[in-house]
Amino acid sequence: MESVILDQLKRDRILDLLKEDKRIDGRALDEQRPLSIETGVIPKANGSARIKLGNTQVITGVKIQPDKPFPDLGDKGILICTAEILPLADPRVEPGPPTEEVIELARVVDRGIRETEMIDLRQLVLKEGKSVIGLFIDSSVIDSDGNLFDACSYASVTAILSCTVPKYELKDDVPVLVEGVTSKPPLKTIPVSVTMARIGNYIVVDPTSEEEACMDARITITTNSEGNICALQKGGSDGFTVDQLVRCSEIALSVGTKIRKRFEQLM
Amino acid sequence: MESVILDQLKRDRILDLLKEDKRIDGRALDEQRPLSIETGVIPKANGSARIKLGNTQVITGVKIQPDKPFPDLGDKGILICTAEILPLADPRVEPGPPTEEVIELARVVDRGIRETEMIDLRQLVLKEGKSVIGLFIDSSVIDSDGNLFDACSYASVTAILSCTVPKYELKDDVPVLVEGVTSKPPLKTIPVSVTMARIGNYIVVDPTSEEEACMDARITITTNSEGNICALQKGGSDGFTVDQLVRCSEIALSVGTKIRKRFEQLM
Amino acid sequence: MESVILDQLKRDRILDLLKEDKRIDGRALDEQRPLSIETGVIPKANGSARIKLGNTQVITGVKIQPDKPFPDLGDKGILICTAEILPLADPRVEPGPPTEEVIELARVVDRGIRETEMIDLRQLVLKEGKSVIGLFIDSSVIDSDGNLFDACSYASVTAILSCTVPKYELKDDVPVLVEGVTSKPPLKTIPVSVTMARIGNYIVVDPTSEEEACMDARITITTNSEGNICALQKGGSDGFTVDQLVRCSEIALSVGTKIRKRFEQLM
Amino acid sequence: MTQLMTEDGIRCDGRRVDELRDISLKVGVLKKANGSAYIEFGKNKIIAGVFGPRDVHPKHMANQDTGILRCRYHMSPFSVTERKNPAPSRREIEISKVIKEALQPAVILKDFPRTVIDVFVEVLQADGGSRCAALDAAAVALADAGIPMRDLVSACAAGKVADRIVLDVNNEEDQEGQADMPVALMPNVGKITLMQLDGILTPEEYKTCLHTAIGGCKRVYEIQRKALMEKYFQNGEQ
Amino acid sequence: MTQLMTEDGIRCDGRRVDELRDISLKVGVLKKANGSAYIEFGKNKIIAGVFGPRDVHPKHMANQDTGILRCRYHMSPFSVTERKNPAPSRREIEISKVIKEALQPAVILKDFPRTVIDVFVEVLQADGGSRCAALDAAAVALADAGIPMRDLVSACAAGKVADRIVLDVNNEEDQEGQADMPVALMPNVGKITLMQLDGILTPEEYKTCLHTAIGGCKRVYEIQRKALMEKYFQNGEQ
Amino acid sequence: MTQLMTEDGIRCDGRRVDELRDISLKVGVLKKANGSAYIEFGKNKIIAGVFGPRDVHPKHMANQDTGILRCRYHMSPFSVTERKNPAPSRREIEISKVIKEALQPAVILKDFPRTVIDVFVEVLQADGGSRCAALDAAAVALADAGIPMRDLVSACAAGKVADRIVLDVNNEEDQEGQADMPVALMPNVGKITLMQLDGILTPEEYKTCLHTAIGGCKRVYEIQRKALMEKYFQNGEQ
């Protein structure tokens, strides 16, 4: 808020480049930043991944442990995705309870995995209504340079793809770990989110924090392995035209297909 | 706090009128504002009411569901009255944890219903010490123009009078809803609270927020159908003489009788 | 923070005295302030003590009640020591959630009792993994003039020494109080903490709040009846040399021995 | 498991696929708020109140260059089947945020630097589509408060139920249907300012669903206009 | 179930109906507080400490025209039979408010604009009537702090037990009796500054109960005066 | 119950009593932080980031005469065997405080009045000795941020296991051993700035343990120096 004039100058500069189909870091409008994926980075977790999307960096760990099912959802295992921006990731973040931005981030990541039905939660039941397997997928942003939605989503999805599910059996209704027996998680599809920013009339894929600071609006669209659209979240303080929304869905499908191939190599 | 001079002028004006036995809105000193009562306004609740007391407006919903009894109170159902001043009701209210004013409001409303033993909680037990019926009576102030105590109390009492209690039966110690069977709540008496403000040496019934801003002290007295006094709360930053307290109890009884007749028509 | 110059003058004065082996209140460097101990001050508690260490005053109550054991610690009773600085004890304390200073205070007191294994928690089990006896040892600082660590520790230890453990028996797996039967707590040793401040190159025992305001660093060393060192916490914004740390351990042992004799008279 | 649609395309509450639920909207229902509105949208019962422009507390949140908009979407404890804890849930905080961002393009905040406009929405009874209904009431309450606006904001969901794209998803359809897509539109400017999707759509269905929702928003807009007209031009004169 | 009264009108703790429990009150018991007092009132053991007039934090709570009074009534975890969570309960917050409002008429706050006087009360052991006992200690602690006051505040409850009006309700009578009415009095000014009632009284009993409580307040006042005299005029001289 | 030491003095992870676990330390691993470091110390995986000197929020915490140092030690939910609640525990708050006090003597805060230096430590995977490893990374991150320092801070624990004093206690030894003593040293100044002890030591063992820990700190210091050299003087030139 302090440097309104500088922000305006930066926006002018970014818009001038966009008119020539260029971005401030040299990318094409529909080009993501380099994506690096490492899995197994937290051996004590059941699954884990470190994602670098340009300078944005996220670490996700998956913990799998027996739990009680939610009421009315006794025939399903538990899936909870969280996200946190660590204060070391960004000078603007302060320790404390989650802001509305972080709550939105976590819920969008969660829905992207939940609504696509990536994991067949019905296969994670030990005893219906009593005892199920819970997957806790916690993402920590450790370096924050824009597009935390995709970075956290990719880290969560790849941590799940790389995880092993320990075996539990009920003894006297108490879940007991069966040592040494694990399985792959029951997967149905691979969701891929693609986040785009609208700056003026231009749609840019995978915005940096510089681009986010001067964007008009934001959209995150998640597609599944079957080429369908399964989750969407518009954000930011302005809107989109219908044409832009259709264009965004096409970009999400085409960029998503490329990313999904990278993910499939992990399986 | 900003306009100390204006507050003082307003108080002088109100006191000048009181010397002539008049109030700023034309009422007699022991006259309540017009009271409108609508029940059944929230069909998804088991009981509900919307009260308008002058410009003060409150909506109360009753939710009835099985619960575990409190320790040492295993032979009684649960009754919990809450109250909240919604931020849309008053420019001075901010979202957040309840202030001491709101906590007092809720506890005074709760005690007015609890101490009069309006509801026979012993009839709301499914299995002693294990399983009981709970009544949650939540009041939301949506327009705040003084005397929230009576408005919330009247809304809570009429919501209870209008509620239907669903039937639950224990199956294997688990309470199960019996569809289509309901009953009236087990009532013993009808409590009516009457709140008065002392301004100078005058006692006025049902103060507006204007009158509350310049009152010296406040008192809420609840009476029951048998003409007894069953709950009382003094508030405000000054006191009452003994004579005033006796006079207040007489007003509470006479005004309460009129209000109770309106309530009885709802049964 | 307001009176930096005054603080500096006070420190100069204290240091000048220390050079002559004197303290501002006339004590020797390794001399504690007068210690008074009263037990049984809260008859409704199972044990209690009021400690005065100079002007510092602490009241501790012990509540003993059945509880569920911690997971993985099913063969042990529960011991929890807390500490609170009441806002009436100190003009700098404000009501609200505990500060990091208070959390450290409580945890150091707790560890001093836990790590010395003062109480044989294995003797407080009603049914392994299901039901145990819990000791809650809550300390309230009511007058705060420095060295809260030792004051809270002494009050906790003497409240434990003076407590009587009610007898519980399991009936249908529910713990039931056996009226009129009590026992002494199962004690193994008596821990005594000794807190020292470093001011310049001087080590002073039992600092007042005046001395704490200008100390460089702080150390609390707890010893047991067998003459061993069992818990230690360094605090403050500077450090100690190795020689100072060895000297501190010797002081803690010699001062601790004297204090322990006072405690033993309570048994 | 409810049957969500008959063979004749009649939905579980009797509507056709392109039919809105009953909507009633009333402007200026509160005395203390600067602007207010009450909407019944199907079984939703929602009240919105607006305060401002006014001073910002805490002050460090004020912006020297523009006014700010704050929103709070909150559900009453008695608004849902099982009594709801009155503390705001993560869901309510997220909805508060997307509602704020849906209203923001319509409100001319630059005119009121250093101030805040507060929009408070209370869901007294909840049904499917409560965030859209909340937005519809909030936009009208902003207008009622006399806040300068570029356009209204009109919101309505579409979705996929029993393999068909339907307008205005109700509670049962939301829970057992295939997709729910709430949308908010600035009807004169033609901008979508809120859009979410939960559920699975083919790219073709996505487009149909979006257009269906926009059609609903436009019909809601007429109801919003009429409600404002009723308050401000009751006697037919301008 | 305890028998609360014998046929001869003797209460469960041996008192007659118009008898106070033992009260001991000591002034100036703390070093750091500006004023303090310790009271034992039956089995109640309560300490009160006062700070101020002093600067207000946070600053926006200060009032340009008058000093403000803040009160905190808090119960120690070990003060009751079952260990109490140290976080303030809703009951403690309400009692803090009524205690503040009971003391406020007695304190001359206008003399100290922009400042706060903080009254902190800690219930070390709780019995029936703890709010009255807390008030009695707090009023004396305010005087001990040298705060200018119009009058002391003296508090005592009356109630209805076994169909009789009794003075100074104890814990068993509070829990199993028919009514409890705590009252605080400014004894020289003649104003009631705290009054609550839980339980059922006829209009006639209400009056009797009120007068009984006032009688108790006056006896407490003598104890408060004596305690202050003991501290300030120990040697009999003025 | 693990056997913690063989008859030949070999520990459960294969180390000798005076042997450190493997340590790898990398400086400058984050882009947004002013300084950062990543350490693997045994199975500990910890990242530290530093911001500042910068303005203090809230402002009343600023000190006119000196800069202030703040530390936050936090464990990721997935860092331990059983998923950890992300809210800071009392243990994390205490460790944050002792880490701050261990770093403070090394940082020249007087040069930056009214500002704050924030040190954030995240334990991604926890093993025994995580507070020492956190300190080792934090000290290097402060240097990487260009903060003027009197010395580095190097930390390592010693302890008592199977009746022997051992260097660098691991997780199993911490939980089933006899004593754990974390120590932090300013290696050139020779000051101990962090020291804690849980467990029972004779006075003689106490001295041995302290010297053993200091030996470990000095070896850690060499690793810290090397890591800083690698970043700032990669090509061997000054």
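Each chain gets a letter, A, B, C, D, E and F, in the order it is written, and its residues are counted from 1.
Please note the rule applied: a contact is a pair of C-beta atoms (placed from the backbone, for glycine too) under 8 Å apart; a residue touches a chain by one contact, two chains touch by 3 or more.
Owing to the predicted nature of the structure, the values given are computational and were not obtained by experimental measurement.
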* Shortest chain-hopping distance from chain D out to chain E -> 2
* Where in A-F, A-D or C-F does the B-D interface recur, with over half of the contact pairs identical by residue number? -> A-F
* Most distant chain from chain C by Cα centroid -> D
* Of all chains present, which has the mean Cα position farthest from that of chain A? -> E
* To do: Take the average of all CA coordinates in chain B, do the same for chain E, and state the distance between these two points in whole angstrom.
  => 27
* Asked: If you average the CA atoms of chain D and of chain F, how many Å lie between those two points?
  -> 52
* Averaged-CA centre spacing for the pair chain F and chain B, given as whole angstrom -> 58
* Structure fact -> Expected list for chain F, residues touching two or more other chains, is 57
* Could you list which residues of chain A touch at least two other chains? => none
* To do: Could you please specify the touching residues of chain D with respect to chain A in the complex?
  => 63-65, 90-91, 93-94, 96-98, 101, 104-105, 181, 186, 189-203, 206-207, 210-211, 214
* **Contacting residues of chain C [partner chain F, same complex]** => 1, 4, 100-101, 103-104, 106-107, 111, 115-116, 219, 224, 227-242, 245-246, 249-250, 253
* Structure fact -> The chain E residues in contact with chain C across the complex are 30-33, 36, 43, 45, 47-49, 51, 54, 57, 72, 74, 76-83, 86, 88, 118, 120-122, 124-126
* To do: Would you mind writing out the residues of chain A in touch with chain F in their complex?
  => 41-45, 48, 55, 57, 59-63, 65, 82, 84, 86-91, 94-95, 136, 138, 140, 142-145
